[in-house]
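Multiple structures follow.
Below are two complexes that have subunit A in common, paired first with subunit B and then with subunit C.
Let's look at the complex of A and B:
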């Protein structure tokens, strides 16, 4: 009796109702269900992961493997696994920073060339894009590795001008060696930079106030060079040239020493990354230039700018606004693609952590470290590019 | 005579306009002629002098991987099926001209020259015949009369092509998936990734733009984490 009465009332309440039909309730319940679903998946994964060892303590033990490239960090196989990992991180940063720099230059030049009125070089750029963009990066890396290993053996290395040695062990280029005076010289250069920046700011202010043209850029450059030159002459010669040499030791084996060594692996990875990412940057630059109104270019021509001035002063600064966001993406791609170094055994952070995983058997914690490192690198690049973007888009056109 | 003079004059005009407009322009032209000539000469020399037997011997391995002998017809039927689908789609949606068709024809001829054998000459002829029939059938018949309905059928065909591929590979005591390989596996993986990736991307994109905060957060997190690490790292984890 009571029961049916209650049920009747409840049903009629549901029917009219305000509560279940309300939009907010439905939204909340749907989201709650989704959250439960995600939580279930997550709980399953975590319970699986808990069966494994999740500690990072194994990274403090001895690494026990050598690395063919170490830069800035002196790494030996007796160091800890952390040390090995950081060597890998430094190697990744080295290839990425150099790669990003060269890619930008190559992409900009090729993008401008693609739009040239010269039939031949425009088609040359198009050929470059179509061939290198449509072949896998992995194949290109292996290709360049084969090319650099096909260079002559060290016994008949090519010596260019007496200071660069090219062989299949890599390319040795002359480098500078610090001596006691170089610290003083570096200090003087630092002072020169500061002085020139201050003078530029000062001159700019004065120019704003008086309206006179004071050439702040050239004046500050001259100041910088004069101070550095004085420092250079004052300290004598602050650096020693480190010129590579190839010699035979007492057993008749050829050895190489000195200079800065660019190994075949490093060069292969650099070439492949730069040429591959360069095609995308080329297309970005071309697209951005073409998206400008044609009147800009024609107006520059009408004002009597030379073609060089037209590109540097009118076209590129405006194109930069639409270049930078997609360019950031390409930089991030380059950074992530550098992990393909694993196929030619260039010890970047991914290859080193793979070796650590194989040696220790603790895959999951190492994987989080990899994820975290790449995320950090990506965020740093994004941050720098966002700052640049803000600078560029400050002035409204 | 006058015609020839005109052609020569036009040619010179084109050369001056496009290649030798200014001193710098001419310099760049000569430079790129030298560069392209050097690269082309090197490439040609490589083509002639290289030892191509390694490709000739491993043709089967490159195309089919470790697929057991006697199962080639499965690969061929997949090629025919996807080719007819591509040709019909081109006929329905595309607007090809003779030049495009000629380029595709030449490229496929080169491919068959490299990878084809004497035994497979009939199969190659069937392939061309099928492509021709499919393209002309769709252009001159389907497009004219049944445009809307054939569009719908084609979309369904593209969606169901992966199950059909796998069905063809497995039907009647077919080889196990561990034996699939070579270019065949490339095609299967690529089509699976493309066709399965699109709806996933659609849902994630809608989720990211959603007004439900939970769903928005979840899809943003998924996108940023997966995109943050390189592909090889995910392959390692799998």
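Let's look at the complex of A and C:
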């Protein structure tokens, strides 16, 4: 009450004075004041930050803690804190790359299905979107973790077909181990790739010249598989199967070994991220398909395309033009949301950094490292998606 | 139209100046903390105490919202010493990983949250440990039916552990020492850790033995109850627990330290919450008179110049009790007996020893 009265008087006073009455002066002065305030706040923050120790040298110390997941690199507690951090980064990249791949597949399928004339599957897709889009991601992550913890305990693990073990210690799937012959086989596969690429280029050129249809794709694929198969049989079996097993140790406790382990923490995070982000991708795909002129699918129908051909050859390639920009946002969201791993004991880069901060106390420099890493990851995704976008929009429709 | 814009601009500026005002206030608060926390506490009229809210016996929230436990009683004792009232404590529950930041940033005045005294925390984290209130040691709890008798047996085991604790580092040292492979499963808080342990996601659960005793005592019957678990005999590490203050805060540090020592001395001298007033009225010897801040035989009162009332120990003992009373109240029910342990008085062969009040 008092404020508005005061303001009205103040404004009328401003109106009367001639210099201040000029609209330009007033606008400029307010902008100037605003800038000054921003600068003051910025200066305050910087001066506070300057008082803190900004060294990164503590990251060279021995880490001294173990990590439950280390993918591709053999991390031990004897390594430095940098290496522990890097293990966390690889864990983040692992969950994000797999997450992005699965989200894309799920979103595309659900988006197409959402527009299906089949009542049941169309409504199933709608139900999926409405349920998972409207609950918080954090809750979903914890939910999936509880679900995976409720799998049978290791003593009653489910063995599927003798080669896959399922328990709340993780899902173990058979994997391959390299043996000395693998290198020879890998060389042969490389040759196969080269030969098939060369033959494809050759056939394409010939097709351009003669106009005769030579099926370059199928022919080069057949060449690749034939050479690879010859290599596989020629070298004998170039790898060993790593079959998971569950056994009792000398104390009667159940242990697991071998195979490729998908831990409950990894699966819970993956499920939550993929299913949650998938809802947004579904809506993007649906929206982009619906934004295409109806004539496109009618024309495809008129030309006698099957409904599968219609989607793959006509609809999706055109829809891609409007799918990619919003899709990039979802990929970035998925990457950034992966930092929620900290609540379910999955050692992603954020969780490892928090452990390091706790052991060393240098919070600010570590947060700079974390921010820089997420920024780099996001920019790489953006770059790839921008290149893809340029490819897709090259041809004007 | 432009009047509207002007109004918006003005209100923006008003709100900004308000923000700046708040910031300025904060700044004065933090600049005075760099002086002495003691003055801040006296001025504020409450003690901000960083505590655990989920460890039975040490610090736990009761259904009515109040806090209770061994560590909590030290918060109360410090408040009684400085402010004369053990109720003037503002409890700030902290996770293991957030506690040091909370103390360092001034969010709490003192951290009493079963925190282990280590060199790196003392120096690297710029914090000061006052006196050890409880000598603990890290242990390992496993399911009784696992057949594990020692840590050496646990090759390839998965062990649940809290993030950001010395426990996490000791665990690694212990397994590395014996060259045994293991997988640590690191949780941020206790609840998901316990949930995972109950589902046998991990073979072992490691933390301080006092903590294990408390978790074992309240292990739900649905998961087998306390009898389904055993705490292995081996003590992995030394874990002296006690209150911490910020570095370079001697006045406040001394108060916290000597309140703890005073409670130990009180037990040694046989002063309890029930007899403190009669002891103060008629001290048995000059030492007791110095501790309670009264004159002996009509003589002068010795002033230690802590910056708080001379009779602070009287208030602490009458409102909270001596070391033994606090121990018996919270830790004996967990089955942590004092006899023969490090936490017995030095006169009984333990490590509880207060320097002289002189």
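One rule holds in what follows: the second predicted complex is superposed on the first by the 354 of 397 C-alpha atoms of A that agree within 3 Å, B and C clash if a C-alpha of one lies under 4 Å from a C-alpha of the other, contacts with A are read in each partner's own complex, and residues count from 1 in each chain.
In the analysis below, a contact is a pair of C-beta atoms (placed from the backbone, for glycine too) under 8 Å apart; a residue touches a chain by one contact, two chains touch by 3 or more.
Since we're looking at a predicted model, the values are computed, not measured.
In the superposition on chain A, contact of A:119 is made with subunit B only, not with subunit C. Of the two partner chains, subunit B is the only one that A:340 touches; subunit C does not reach it.
By the document's definition of touching, neither partner reaches A:295: not subunit B, not subunit C. Contact with neither subunit B nor subunit C is seen for A:55 once the two complexes are overlaid on the shared chain. Once chain A of one complex is fitted onto chain A of the other, the partner contacts of A:354 extend to both subunit B and subunit C.
Of the two partner chains, neither subunit B nor subunit C is touched by A:211. Note on subunit A: of its two partners subunit C and subunit B, the one contacting more of its residues is C. Once chain A of one complex is fitted onto chain A of the other, the partner contacts of A:161 are absent, as it touches neither subunit B nor subunit C.
By the touch criterion defined above, A:367 reaches subunit B but does not reach subunit C.
After overlaying the two complexes on the shared chain, residue contacts for A:30 are found with subunit B and with subunit C alike. On subunit A, the surface touched by subunit B in one complex and the surface touched by subunit C in the other have residues 30, 34, 342, 354, 357, 363 in common. Every residue of subunit A that touches subunit C in the complex is listed here, in rising order: 7, 10-11, 14, 23, 26, 30, 33-34, 37, 40-41, 44, 58, 64-68, 77-78, 142, 145-146, 149-150, 153-155, 168-169, 249, 251-253, 255, 257, 264-265, 342-345, 347, 351, 354-355, 357-361, 363. By the touch criterion stated above, subunit C contacts subunit A in their complex at residues 2-3, 6-7, 9-10, 12-13, 16, 20, 23, 96-97, 100-101, 104, 120-121, 124-126, 145-148, 153, 155-158, 163-165, 168-169, 171-173, 175-176, 182-188, 192, 195-196, 199-201, 203. Those residues of subunit B lying in contact with subunit A across their complex are 18-19, 21, 25, 28-29, 32-33, 35-36, 212-215, 218, 225, 228-233, 236-237.
Here subunit A touches subunit B in the complex through residues 27, 30-31, 34-35, 38, 116-121, 124, 336-337, 339-340, 342, 350, 354, 357, 363, 367, 370-371, 374-375, 378, going by the rule given at the top.
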